[in-house]
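What follows are several structures.
There are two complexes below, and they share chain A, which is joined by chain B in the first and by chain C in the second.
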Partner chain A sequence: MTILDELLSAEEFRGLSPAEFFYRNREIAGFSNPVRALYQTVRELVENSLDATELYRILPDIHVRISYVSREKNIVKVSVRDNGIGIPLKEVPNVFGKVFYGSKYKLRQSRGVFGLGIKMAVLYAQMTTGSPVLVRTASPKSKNVHEFQILIDITRNEPIVVSYKTMNNTRGWHGTHVELTLEGNWSSARSRIVEYIKRTALIAPYASISFEGPGIELSFPRATKKIPVPPSVGKPHPRGVDIELLKQLIAYVNSSNQAVTLEDFLVKVFDGVGRKTARSFLKWAGYGPAISIDELSIEQLDDLARKMKGYGKWRRPRPLSLSPLGEELLVKGVRKILKPEFVTAITRKPSSYGGYPFVVEVAIAWGGDIPSVDRPLLLRFANKIPLLYDEGVDVSRKVIDGIDWSVYKIKFPAPLAIITHLCSTKIPFKGVGKEAIADVPEVERELEIALRETARRLKRHISRIERQYEVKLRYITINKYIGEIARALSVITGKESKVFEKKLSEIVEQKVLKGGGRGNESL
Partner chain B sequence: MSLSDKEIIKRLEALAAKVAAQVMRGRPPYIEIPVRSFSNTIWDEKRKILRLGPAKARREFLDSKEVKKFMQTLLMLSLIVTARREGDYPTIRDLYYMGKHTITYRDINGRPRKEETWNEQRESNSIIEDIEVAVGILREDMGIMHDAKGKMVGNVIIRSKGHIIDCSKMGIGAYAIPPNPDRLEIIKVEADYVLVIEKDAIFERLNQEEFWKRENCVLITGKGQPDRATRRMVRRLWEEFGLPIYVLTDADPYGWYIYSVYRSGSISLSYESEKLACPEVRFIGVAASDIEAYKIPKNYVIIATDRDLKRANEMMKYPWFQSEAWQHELKLFLKRKEKVEIEALSGHGFKFLSNVYIPEKIEKRLWII
Partner chain C sequence: MTILDELLSAEEFRGLSPAEFFYRNREIAGFSNPVRALYQTVRELVENSLDATELYRILPDIHVRISYVSREKNIVKVSVRDNGIGIPLKEVPNVFGKVFYGSKYKLRQSRGVFGLGIKMAVLYAQMTTGSPVLVRTASPKSKNVHEFQILIDITRNEPIVVSYKTMNNTRGWHGTHVELTLEGNWSSARSRIVEYIKRTALIAPYASISFEGPGIELSFPRATKKIPVPPSVGKPHPRGVDIELLKQLIAYVNSSNQAVTLEDFLVKVFDGVGRKTARSFLKWAGYGPAISIDELSIEQLDDLARKMKGYGKWRRPRPLSLSPLGEELLVKGVRKILKPEFVTAITRKPSSYGGYPFVVEVAIAWGGDIPSVDRPLLLRFANKIPLLYDEGVDVSRKVIDGIDWSVYKIKFPAPLAIITHLCSTKIPFKGVGKEAIADVPEVERELEIALRETARRLKRHISRIERQYEVKLRYITINKYIGEIARALSVITGKESKVFEKKLSEIVEQKVLKGGGRGNESL
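For the complex of A and B:
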């Protein structure tokens, strides 16, 4: 069973409030201990901030601050401020205080799925310190800034607004500022959090991110003003359905309309399904096109979902709902954070697995500030989220380890870093930790193609560097003898040594440096 | 046939002038030097000497593997020209020190580095040989000296710088052959033959016994691998006085190769064979076949090393070892894998060598060529 299945069944059959369920199973969302919890809280807040800015084409300005409330008790305050679109006044209590409430339950690529994480952070803070979440928010052009303090009523899954006030938005600010006080182990989480911030700055080079924690201050100014096109809201692909999604989609369609036929339902709701495709499928599946969707029994829905998954003639999913970074931005991000001598990136054409569109992006960085390592340094991202844990079981690691790097003139230890980014409406995570991507053959294949192409480009670069090195070495080897040669010629011919020196230097420069790259012999 | 200093300077200068002209025209300069290696050695069957072949190599300034030698060649050329202009007679060791400079430069990582123009005398010696072949003048004629090591004793009278030297009146010593024997005048030779001995110790013993007086011969040693002066002296005695030359060496490939150097010239100096080789030199021993023929006692027999065997195998292929007799000796050596020193003949008594072995070999014409 997936988490979703569990949740749904919890809600429906046991009458357990989702908030209660999360509260009892917090490790699922990554809040298992004060180290992970602090890291996870920072992540949730930063990712919400990025979504609140870049999805609306606002260049993100994000400030993250962690400070001790009580060092002895491991109580810390985390605050994150952005310049995003803010949260509508009415929505604030539910966004922070009601599990399963959110704007993200749509089929488009965004960082968090369901927007559950922020509620978990609120719940965790409430549970460990009893403190409410502080939210300050203003929409663009809003005259006021609203400030809330919210707790969650766990058994009823309802927000409790502890306090509310409003201030004049004199500076014309817009965005959201969230503060949480929680039990968190800063000293142990420190390196992960720093790494997370760095990698986030890499994958969002258009963002300006600053970070301040006990004993550390980091600042990553934006490297570009270009933001990738935000993903449009996509329709689900017929191959990606299961019975639950089907039920939800039917409920959605029914609420707005009267009786809808199966054919209309397919055409209207799914990606890439026209009349013709819908009819061919229904004929193949053994359903009449005019059946009303209301009439379908649970057994029929189950059968329909299975057949939609198995049908081989759907059109490929359209990738409009994806927002890869693009080669140019990826290169800028890598340059900004890793400061390599060479970097190249590839954004592959969209592909799909099991009805879900995906795009693979790969960058290879070499030399410069990258330390020499015994195997490629790997920086993984999924939907612009850095993946820091479970690298060993990730598909990227598998593909990288399967490549014979000596073919590309790379001998380890080498200053080599590889950045992989998978964008999809559904990332095929391995397990509940959401830190490793499973080895789906389609994804694996795309990764390998992209990796090999970037590696080929790196090889060309290395060859060029080697040639330049050889030319320089040859130049030095020859040049150092000019003095002796000129002096000897001067002794024998009686002409001035300087004249020979000048001429010989000219010959070396002309034939070795300028004509460089040709073989070792002259003429 | 000695060249005048003026002519020598002119030829040396011409070599440098060619390079200077290339440089001034902005062309990458090079020096053309005949190749001194086995591949460019020609065996002159008729004259029985090793000669230098026609192959020439360009030593190019822009070739990173050759540029150091290019520099060294011009450096050495400038030293020799200067010596000739000033009438100096430097030794090859003098030239090594005079040309040994420290070059400072920065390596590819910008670190300061030092490099010597040459690190050992072998390098500068090799450059001198290059210049000899490039200009076609032997170093002795260019006024370059070396530590001569050859010795001679016998009824030979020489004039040197106006002094008369009688090589039969050296007491317990011997006449030291000077670096350039061509500057000596050999006035009179009263001897039946010349015996060239590989080893100084044996030479000393025979001189002690006054073997040369008894046998009426001239004794010469080059103390191992002979220098050019020793070879030149042997050649003059053969050429100018028609004396037969006999060579006595250890019974091993190194000894036999020394014989062939007297006879045909050496691979590394094949360009000078014309003046140094003695094609009619006779090898009287010690031969591989002598070990059995003279019943050399077992305790004197040494087992050949792998290096000995390898050397013998190479020598089997040299054109100047193709005679039936030599092929037989080398094959025997490779089969038996045994070698002996000249001293092994003392197994039959200390006087066996001088009283029996040498006279018998010459009398019974038991030499090989």
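For the complex of A and C:
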């Protein structure tokens, strides 16, 4: 037997469970070290809590607590409690103990997109301290509070319920309370976590958030009871299909009806497609409206998908499944946190990529408490989630760096901050860690349009300020001579110089300051 | 109940198959658009081919071909053929049609780490053109060549064999030939793909690689028949365990023996742990060597894992499972592609992170054909894979940017290129797209040490060049006056000035140039 034989015989093929895959590759979900893992754990829990409240029109009350279990071993306990709708009893084990299991696969905007984050946090706690996740949950009006301790069977990707008990819900509580004990570096993660909580408060001014960590306590009371309209579940947009989606949708429709026509299929399944639109499209694409969807070959499906993508006359996807913050709330949030001299915001009309609708919101803030920086300060948000890592590879950074800011009268260093917010039923993240948005051309385009529009407004503001500044300068210059002129007039007329001084000051103020740039001609 | 009702029905929990997860989240594996997807497809196929050859001491012969199926629809066919060991008949469907299935879960260095890439390419082809992957494969000495066409059942994560046939292997061929038809933007991906092929040729000088695309043909003949020693399958290093791994290893050992002692466990399972090392460690950690591993509680496992991580006297992990290029081959590769004036390389001793051994290799190249740049040109490699995207968030960039290069006599712009190569049984990638390496502290440290050592060597070279330059300047200056002196001597002596000129030139050359910096004192 040669070495080659041995090497070949050693070759062994097998499958990994999703839990084992992510246990082995935890970096890709952002759990690369005790600093990042702690930050990521807080994020996953807070975002689940926000989704469990505001999606159901409940004003969020969220309590976050980090405490040391052992300071020298870097072991911390993270506890997050909300007043949300809770998790159905029978779903609890899978929601916390089975990778790829969740409720977040619908076509609507939510913070958690992957159904993965919380399981990664459970996995990480389990592998660093061996301890299970503790979950307490109750639905509204539930008579009982359920308490679980859950581990993950990594090899089988199945939950292990370590303990379960039920208690009387005497106080009529509802919500979810999760506790995880993990290796986490609080002193290094502290500033990121605080920044994260702060920015979350900016983007969700209707939430009450309290945060308690070793040596720190923060409280962000709710600033408004106005909560954005929760998104409804949407249908796919025809511009963003692929063959695979088409096949799945056809199989789905066929399972409940017989002999569905192409026209019926388009109208029933897709967003914003009425009879008229369907027929116009089919005529353009060269298909009869009465063809049964069963009869389409792979080649025809390919052709159809391509033509659906290419057709220019679909309606824009409806924003029902999205929940942007809106210009008013965005401006409020920015004012509250950044305290700028000037701020303006734009919420763009919905657009779509790959079948998913999205809305871009951009705010631009200038001066005030914003420090002067060498390039625009960037605060990124996606579905109301602050993004703090990997800015360098984010599409927003790319678009911002591609703009010649001198066109907008901005010379760096300048006190310029840009806030970008992408809402979508599916954010095109670059990694499972959900920190950087990929440069999808459609998103890039919307971002640039919004950025340029806000930049134009800022330019007008800067021009106005510059004019005011010039005027003020002129006012000051003229004021210097008022005393002298008054004295001269006093000598000539014999009247007291103070009278002239007062009168002259009044005139200058009126003509130069109030009259603005044009008033000075008469002086 | 209507279809719409069903689509929009209320909260619903369910599991996704891994195939569906990655179909929905293809960006995280680098398949975000037709440019990136084409590049990624080429990569996955080429890397599988390299692994199928050099891991088995076969000198790689790889043929890559991209051709248009439809130029206006942006549909291309990618075909990659190798002379590797082929894929066992019964494994073919799963290897191409089941996410998380593969042979790459062993503890040894290989290019493909996730067992995911090729399935993503198959998924992407399927969703953009509806066409299956074509696979032709034969093992060495196989009498038959097997040909499959495979699709993926996304909902069930199972392969669908669309066609299968077998042919006589009359020519005694072995290897694998894969063809994929997908939407891909060749004109935009072209430069990246060419760069990728070029860099692959740099890091694998023992491979013969040919590339053919629309309007381009490249050929990189093998530069040497020397192939690095293939890695063997390794054991985990004790410094990098976690509780979960410990539990898995104990379960594994228990399944074949009874009552294994802690000492036996350590010796059998871990890399570089003999009886003596095991006993020293257990004494230090406060455990009796004869304790049965069954008896350990979760708390003890936690404590044990922590102490195994913290113990300072383990042997360094053995590099048997790694296959670095080596300083000689690295320098050769760099010379061939970058054509610098100066190049030096370092292969560091093996180290480990999280239980995985790794080796860092760094080369620094200066001058020659390297253009002057504002910051070091960086060429990154991981397990012999060129990394072309996401440089901004890579640990190499971070370490390089953290170095004050003026210490090493380098003032930018400068013709400086840095080549980094990380070999590991598991590269800590930041994303499934395998483009950026996470900043694991152990890797960061090794990179910095290697970088600073190569930089010191470069500094010595630059100092030498500066001295030579000074000398040359002096030589030129002195040479200017030789004619005059010779004429003066000719007038005085009556001899021909040419004689003096020749003699003087000889003296100057000998003293100034050959004698270097010190010789000039005698002039």
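Note that the second predicted complex is superposed on the first by the 346 of 523 C-alpha atoms of A that agree within 3 Å, B and C clash if a C-alpha of one lies under 4 Å from a C-alpha of the other, contacts with A are read in each partner's own complex, and residues count from 1 in each chain.
In the analysis below, a contact is a pair of C-beta atoms (placed from the backbone, for glycine too) under 8 Å apart; a residue touches a chain by one contact, two chains touch by 3 or more.
Note that the structure is predicted; figures quoted are calculated from it, not measured.
In the superposed three-chain model, the partner touching more residues of chain A is C, compared with the other of chain B and chain C. When the two complexes are overlaid on their common chain A, residue A:438 makes contact with chain C while staying clear of chain B. After overlaying the two complexes on the shared chain, residue contacts for A:426 are found with chain C alone; chain B is out of touch. By the touch criterion stated above, A:339 is placed in contact with neither chain B nor chain C. In the overlay built on the shared chain, the residue A:488 is in contact with chain B alone; chain C does not reach it. Shared-chain residue A:477: touches chain B; no touch with chain C. Using the contact criterion defined above for the overlaid structures, shared-chain residue A:498 touches neither chain B nor chain C, since it reaches no partner. Looking at the complex, you find that chain C touches chain A at residues 3-4, 6-8, 11-18, 21, 23-25, 27-28, 32-33, 55-57, 73, 85, 88, 91, 94-95, 98, 100-103, 105-106, 113-115, 126-131, 154-155, 230, 233, 242-245, 248, 298-299, 301-302, 306, 390, 392-393, 426, 428-433, 436, 438-441.
Every residue of chain B that touches chain A in the complex is listed here, in rising order: 12-13, 16-17, 19-20, 23-24, 26-29, 60-65, 67-68, 70-71, 74-75, 77-78, 81-82, 101, 103, 105-108, 115, 117. If you check the complex, the residues on chain A that touch chain B are 469, 472-474, 476-481, 483-485, 487-489, 491-493, 495, 499-500, 503-504, 506-508, 510-512, 520-523.
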